[in-house]
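Shared chain: subunit A. Partners: subunit B in the first complex, subunit C in the second.
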Partner chain A sequence: MRIQAIAANTFRETIRDRVMINILLFAVGLILLSLIIGDWSLGQQVKVIKDLGLSAMSVFGLLIAVFIGIRLMVQELERRTIYILASKPVHRWEIVVGKFLGLASTLAINVVLMTAALWAVDYVMEGRIDIGLIPAIVLIYVEILLIVAFAIFFSSFISPTIGAIMTLSVFIVGHLSDFLREYVEIYPDQGFHWFLKAVYYIVPNLEKLNMKIAVVEHLEQPPHVFAYGLLYGLAYLSLILMLSILLYQKRDF
Partner chain B sequence: MHSLKHIAEKTVIIVLLLTLAATVYLTQQAMDRYQSIRFVNREAVFLPKGEVLKWLSMGYRGAVSDWLWIRTVLYVGRRLMDEDNPYFEYAVTEGTIHDEIRQVRDEEQITQLDSVYLLDDHLKGLLHRFESRGLVVHVYPMLERLTTVDPYFKFPYIFGGVFIMMETGEITAARELLEKGYRYYPDHWEFPFYLGWIQWMYRGEMDLTQKYLLEALQCPGCPDYVGDLLLGLTRNLGSESFAALYLSGIHESTDNPEIRRQVHRLMIELQKSPGAH
Partner chain C sequence: MAIQTEQLTKIYTEVTKGGLVQKKRTGVRDLNLEVKTGEVFAFLGPNGAGKSTTIKLLTRLIFPTNGRAFVMGIPTARRVAMRRVGYLPEQPNIYGYLTGREFLHYVAKLCGLSNTDARNQAEILIRQVGLEGRADSHVRSYSRGMTQRLGLAQALVHDPDLLILDEPLSNLDPIGRKEVRDLILELKKQGKTIFFSSHILSDAELVADRVGILNMGKLIRTGKMDALDAARTSSVEITFQTDETTRARMDLTHWDAVCQDMNIMIRIEDAGDIPKTLKQIEQWGGKLVSVIPQRQSLEEYFMAELGR
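== the complex of A and B ==
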């Protein structure tokens, strides 16, 4: 109940955020613009629209996650509203989880709106909506939530600017970590490969949450690819959220 | 007094705004005068290798390959219609296919024609379009990169393997591209079908053609005319008839209006040719 109240409050705060609204409008605009861009693709309009739509969803979701996620806890500390919350019979973990769920709800609405825009454009082009995109969209959402979890985690012990840079770095390294594994496999005898292996397992492998090409090209995928991706993402974000809670428990305010 | 000051302030602001707007308008006009609008730069862009692009594109390989694809299409479009193309004017004003080939041979720019052919000059001429040889230098590397970034983007393989190959006569790069596509789509009949076409038409390799057509037939959804082609090959159908059969197969195999238009044009030319029956 207390988590619900904090989440509802966070949702109300973030849904009114101008940064979020601007990013959302930009994303929907870009998806609509794909109609024109697709026209230059020599018969590949539908592919271009879907690629661009899914990428816009991911990129703009990431921006919202970083810029709003990093301020989520920091704002409470700066405005000193955290003292009001802390003086109530509320556990710190409830504050962190409530905040996370509030932003997660806002992001869910964003993703739904962007999906609606993408399907509208798809309907104009194909005369039908491609529900096969859903697995990729769900994993994009999980990826965004994972980034939010990292933003909350970093904001618990470093400044917002450094935290935003660190969160973006996690996103970049997370998408490149597959190459680390490939490198280790190709050169197994290198002395430092244990270090690369460690990095590979510590940093989230965000490519495991990437089904964009598979759904756009209608590649046959075994069902466990989606299921494992979902499980991996949810487990990882729960882990990071727990670490954030531990750090906030120890923090003085 | 206060109101006068207020009016003066407002006037200054309005004058400043108008001056700035006029400056923007005039400088823009001046720049336009010296810079003709080019929708897309015909010059090649420097692009790192496909593997590096794959790294850089991170989770957005589909979008990056789309960007490369659109650049390729725009580049090809300009090359095919651009008066800068060395063969464009010749082909439009006075070129016939025979003359084109003769001229190209004279200039010793084409090496493929020196290889062994089983077919006569006229048929070779029909199926090679040399007016766009400039495409080869940049288009195939671009297609190679984009198919490395997103190897499941199917159409660029066909585009490079059939459309650009017919425009340029570049067999080796086309074959490599189709073979790459075939590796990623081993159960798609189009790839062995087009590979068979290259082997027959441009290499005169009957055995390989037969092998590819057989492979195509074993793929799910392979249309009946592939079987007819194989039959024609084994019955030693005349070159012109076999070419007609293959071309109609290629025409049927694609929805892309550009490829259909190009193949249709070749079919009409083939019908008009002296050897047609």
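== the complex of A and C ==
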């Protein structure tokens, strides 16, 4: 109940966030605009549109997750609204989880709106909507939530700006994870070999949550690929949230 | 006991110069404080004395470096302690995008009230703090006084036994201050314990039963308000009238006396000497006009205490 109250209040706060609304409008606009861009790619319009739409969802979702996620706890601290919140009979973990769930709800609405825009374009092009995109969209959403968890984690001990940079770095490095592993295997004697190896093991492999090409190209995928990606993402997300809770548990406000 | 602290200490560690230098700063040190149930306790001290640090320790916003604190007999280390405490932060900041009613409803839910109870409680408190006309306006449009009253309402939302108010009267206009003072007295009548910090001494004088004076993180004095009044009495001036004949017979050489026409004012340093002095005046045949204790202003007393 307390978590629900905190989540509802966070939802109310973030859904009115101007940065979020602007990014969302831009993303939806871009997806709709892909009708024109798709025209430039002969014979590949539908694939290009779907690919562009899913990428837009991922990138703009990431931007919202970073910019709002990083401010989620920081604003409470800077505006000192945390004094009232944390002095009530609530657990610190309820605050972190409640705030996370509130933003997760806002992001769910974003993903639904972007999906609606993508399907609208798809309908115009194909006369039907491609529900085969759903697994990729679900994994994009989980990836965005994972980024939010990282943003909350970093914001618990470093400044918002550095936290935002670190969170963006997780996204970039997370998508280069396979490349990183190959690099370490090919050049094992590099001086910073241990560092790259550590980064590889710490940062989640976000490519495990990437089914964009598979769904756009209609590639045959065994069902466990989606299930594994989903579990991998949720497990990582839980771990990062738990670490954030540990940091906030003993933090002075 | 509503509040009890044992050797409560908070040392802040501040990291400066890019994380290279760690600096220690004392918030409060070895604080032993007791506030009885049902009393209004004013926690006085200049800015930076450690009042807010103590309050944050009592409300679980920060954690002690050493020592323990109890509120209503429950260790503050336990979350349930906060069920018995209502807290008003200094210059409370409230979510501007919520209306006063939405905010109180939200806070009530945080305190575990059901939807119906939360709504009812919000309604009652809106009336109690006089926000009926503005309850559905966004908090960002509230004046400072209105925000303060809403802050007080949120502290009362779960009907706590103990109210901890951080500078509840600062930054308010005279009318706002009177309203908050009246509310404190009203809450006292309802049997609540009120612990408030202030650097405005006249506030304490008007509402407090007991005071504690804190300076540089250390509690330097606690006492009842009337004992404080007595401590502030620096001398007593006794004025009496006499006539020419009597005046000629009087020997005032051992007295700190000032004569003006037929009026004589005697100043004594110790209030315990009043009966003896009055007896002497009677023997002289003087006619008593007034006995006026001369008090240090609260500010003078406070400065003297801090200077110890």
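Here is the rule we use: the second predicted complex is superposed on the first by the 239 of 253 C-alpha atoms of A that agree within 3 Å, B and C clash if a C-alpha of one lies under 4 Å from a C-alpha of the other, contacts with A are read in each partner's own complex, and residues count from 1 in each chain.
The working rule: a contact is a pair of C-beta atoms (placed from the backbone, for glycine too) under 8 Å apart; a residue touches a chain by one contact, two chains touch by 3 or more.
A quick note: this is a predicted structure, and the numbers were derived from the prediction, not measured.
After alignment on the shared subunit A, the placement of subunit B and subunit C results in a side-by-side fit free of clashes.
Of the two partner chains placed by the overlay, neither subunit B nor subunit C lies in contact with A:I131. Of the two partner chains placed around the shared chain by superposition, neither subunit B nor subunit C is touched by A:A235. Using the contact criterion defined above for the overlaid structures, shared-chain residue A:D51 touches subunit B, although it does not reach subunit C.
Draw one line from the C-alpha centre of subunit A to that of subunit B and another to that of subunit C; the angle between them is 150°, to the nearest 10. In the superposition on chain A, contact is made by A:K212 with subunit B only, not with subunit C. Of the two partner chains, subunit C is the only one that A:K88 touches; subunit B does not reach it.
Judged by the touch definition given at the top, the superposed model places A:I162 against neither subunit B nor subunit C.
Applying the stated contact rule after C-alpha superposition, one finds that A:L176 touches subunit B and leaves subunit C untouched. In this overlay, which is a superposition and not a single complex, subunit B and subunit C have their closest Cα atoms 29 Å apart. Of all residues in subunit A, those touching subunit B in their complex are 37, 40-44, 47-48, 50-52, 54-55, 58-59, 172, 175-176, 179, 206-207, 210, 212-214, 216-217, 219. On the subunit A side of its complex with subunit C, the touching residues are 1-2, 4-6, 8-9, 12-13, 16, 79-91, 250, 252-253. Contact residues of subunit B toward subunit A in the complex are 55, 58-63, 65-66, 69-70, 73-74, 150, 152-155, 159, 255-258. Across the interface of their complex, subunit A is touched by residues 12, 56, 59-63, 79-80, 82-83, 85, 87, 89, 92-95, 97-98, 106-107, 109-112, 151, 154, 158 of subunit C.
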